[in-house]
Amino acid sequence: MAVHTAKLDQLMERTWREVLDGSRLVRWIREGSSDRRLYALYLIETFHYASHNAKNQALVGSALQGSSMKHLQYMKYCFKHALEEVGHEHMAYHDLRAIGLDRPFEALPPPLPMTEAFIAYLYWISAHGNPVQRLGYSYWAETSYAFITPVMQQAAKHMRLEPQQMTFFVKHADIDDDHAADVKHVISLVATEPDDEAAIARVLETTLRLTGHMLEDIAREYERLVAGESPSSAFLNDLVKTP
Amino acid sequence: MAVHTAKLDQLMERTWREVLDGSRLVRWIREGSSDRRLYALYLIETFHYASHNAKNQALVGSALQGSSMKHLQYMKYCFKHALEEVGHEHMAYHDLRAIGLDRPFEALPPPLPMTEAFIAYLYWISAHGNPVQRLGYSYWAETSYAFITPVMQQAAKHMRLEPQQMTFFVKHADIDDDHAADVKHVISLVATEPDDEAAIARVLETTLRLTGHMLEDIAREYERLVAGESPSSAFLNDLVKTP
Amino acid sequence: MAVHTAKLDQLMERTWREVLDGSRLVRWIREGSSDRRLYALYLIETFHYASHNAKNQALVGSALQGSSMKHLQYMKYCFKHALEEVGHEHMAYHDLRAIGLDRPFEALPPPLPMTEAFIAYLYWISAHGNPVQRLGYSYWAETSYAFITPVMQQAAKHMRLEPQQMTFFVKHADIDDDHAADVKHVISLVATEPDDEAAIARVLETTLRLTGHMLEDIAREYERLVAGESPSSAFLNDLVKTP
Amino acid sequence: MAVHTAKLDQLMERTWREVLDGSRLVRWIREGSSDRRLYALYLIETFHYASHNAKNQALVGSALQGSSMKHLQYMKYCFKHALEEVGHEHMAYHDLRAIGLDRPFEALPPPLPMTEAFIAYLYWISAHGNPVQRLGYSYWAETSYAFITPVMQQAAKHMRLEPQQMTFFVKHADIDDDHAADVKHVISLVATEPDDEAAIARVLETTLRLTGHMLEDIAREYERLVAGESPSSAFLNDLVKTP
């Protein structure tokens, strides 16, 4: 019983559109904001959730039960993919430094509430329920650059960001072309049970919408920062002090 | 604060000697038993614990916290090593088939009590306590062939086992030379805290002694089988019926 | 270092106001909606998250480490409170039946995405991080009836709900007076470390905002239901068919 | 499909006999050892495993899935029983102090290897596999005093222990009469699936045999202590220095 990737693609596109169109952060960028603090706030949350991706990906493999060939293929995918994701948070941290922040990563503010909810959900669906469901997250995450690139280009233009200040996006876009093919391949191999497509679709939608809530939290935090109400993010004001 | 591998080696050798000398299974083999049911019982337990090794190895990486270079190196080791261990239980199963059993692996008897205790302990020390401690298991597991080979040679001789009936040992011995060097290397990189050596030594000793208890459970099960008291292992009697 | 409950109260009131004022579901009720499907949709999500509360509450106690008197007091609180919460989802299910739905609880639709994110977050903060932080959830949950009662009274009036159709609220309001005092008492006993107040505040705010996202998902689901786009909730249309 | 408690009783009696008859510690006590260090070593291990019993008991309830009446009854049993077990390790610690040791409990030596394996196994079977299986541990633990009392009486006589130095046993024996009835009652209610009896029997036997390995580790540690080879237990020599 093969998964219909055309249906997943439709769901992904519809949900991405909702997320981007409903995001104040995206609107501000589209309207030409040149405030690099927006980018920095986004990189900090990216640093946080990215630091968990390899770990929750591996957890899926650790929780698998059985020794069938299908299980072993999926287990290998999980550990291989986890291995490739180790340390990607440092690309986001590199970009933070490249735009002028020199704080050690251990001293970054903790994740915002909706970033933590996103992280929590990824562990939850990795350790419980249908083992193939996390592929719904990989499905959109590995092809997200098509949706994000136009926004990033706007940001790059108005915030005058150089490629070496955007390595998380640039490098990820390259890496993720292969990953995206891997995801579709592994789905065709392991998501063969009747319930699998619905489980994948559910996680696809939920993780994408949680990303939307994370973007909205970044917008809230930006407003607090501008209003002088966020002591923990105040160090980002250094980015707008220089002429 | 470097770990003293000479001390770990001493502990390993002393504990191996205790385990082998205290094992009735080993004694029977050394005394020339030609009963392949002993080998089959051992392969079944090997199938069971081996099916968990990749999973509890990956769990160590999933439970790591922090983004320091040391952490990321160790995380990569965990996922890389997990990836390499996926499916090794099928070598044990292959050997079971090669000596004449044709039962599907899903229909093998469940693990014996002390095999399950061994498995449980590996998950416990992988998910809790000092994250480097599981290296104490890898430390001896990856060099175990030096200690086991003489026993296996005796078994091979008296049970007339061909190399293609001993692939778990033969192939593992090759694989594990590299792994053993990896373990020492990763210990030198990540086990740098004062408590790390004791934690590694503790797990080294405990896992080796639990292996001893597993061997003793195999001997008990063999006695029950011979006495006609083990319905779940009775299918192994096929191995001794043919002339 | 005592926790400032006055500060927690301020945070709770501000966040509750944001959640209620930002909720379309609440607005519809305040505007006099008489559509019981809104209530039913809310009860279904309540059934789902309530079925996890005892379990994630107990998890906090299971994850505690140490045998100090402070730890043991908190452990007792966790298991006692968990014991009291077992089965509360059946009050929500009772109310569903009381308004006319006769579907077995096993056949209710699965939780909506943001309900599942809420559940996932509760397990996450119960098993990881500062062990006292889940008290931030209990803090508002046990006094939530002050904030919800006016909305429920509106709903009761316009949807013509009898008390026996609102047992989850009515009984919970009684039970929770004691629980609220328990929460403040246990906070005074166990939240004595410098970081505890911030951890409690963080979880208070995040869980309340996730509840807001759950309410918004109920509004979305209602719109889909009305538009004929939700096969899984279509059985709720029975509630509006009778004259 | 009711569980045959007569069969469980037979298995328990046979396994207890094996454990006691195979234990050097028990033999030394039966032979009249007056060395209180044996008792102290036992109390230290008791302190350790007892400190986990409430936590792994609660974990069973946390891992249950479903809202059926049977599930909820079992969940209540788990949390109620967990609540009653909180802090029982302090009885063992009390007895250590009562025989003359005044070390804070935080400074006791860590658990011996087989005590830790026992603890690990209890968490494993509480969080994985058949949810009713942990009742196999409760089954014997709650009636163990019948088997242990004769040994304890010998120890009390030759080591001249007063009742206030044996509170863990004395109080537990009282408490556990009720608990034992509870265990049989809950088994009759919740262990109704065909596989349940085997799962309970398996855990009964395994935990009892792991207790035997723990007793053997105490004997080993005693030998090391007497031989001057255990720095971590050397403080127990105070017990034999006084005239």
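Think of it as A, B, C and D in the order they're written, each chain with its own count starting at 1.
In this section, a contact is a pair of C-beta atoms (placed from the backbone, for glycine too) under 8 Å apart; a residue touches a chain by one contact, two chains touch by 3 or more.
All values reported here derive from a predicted model rather than from experimental measurement.
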*asked:* Per the definition at the top, count C-beta pairs in contact and tell me whether C-D or B-D has more.
replied: C-D
*asked:* Based on mean C-alpha positions, I'd like to know which chain lies farthest from chain C.
replied: B
*Using the average of all C-alpha atoms in each chain as its centre, how far is it in Å between chain B and chain C?*
47
_Can you work out the whole-Å distance between the CA centroids of chain C and chain D?_
39
*Can you check how far apart chain B and chain D are, centre to centre, with Cα atoms defining each centre and the answer in Å?*
28
_Contacts with two or more other chains, residues of chain C listed in rising order_ = none
*Looking at which chains touch, is this a line, ring, star, complete or other?*
ring
*For the complex, which residues does chain A have touching chain B?*
51, 54-56, 58-59, 61-64, 67, 72, 75-76, 78-80, 82-83, 86-87, 89-90, 93, 105
*Considering the complex alone, what residue numbers of chain D touch chain B?*
113-114, 116-117, 119-121, 123-125, 202, 205-206, 209-210, 213
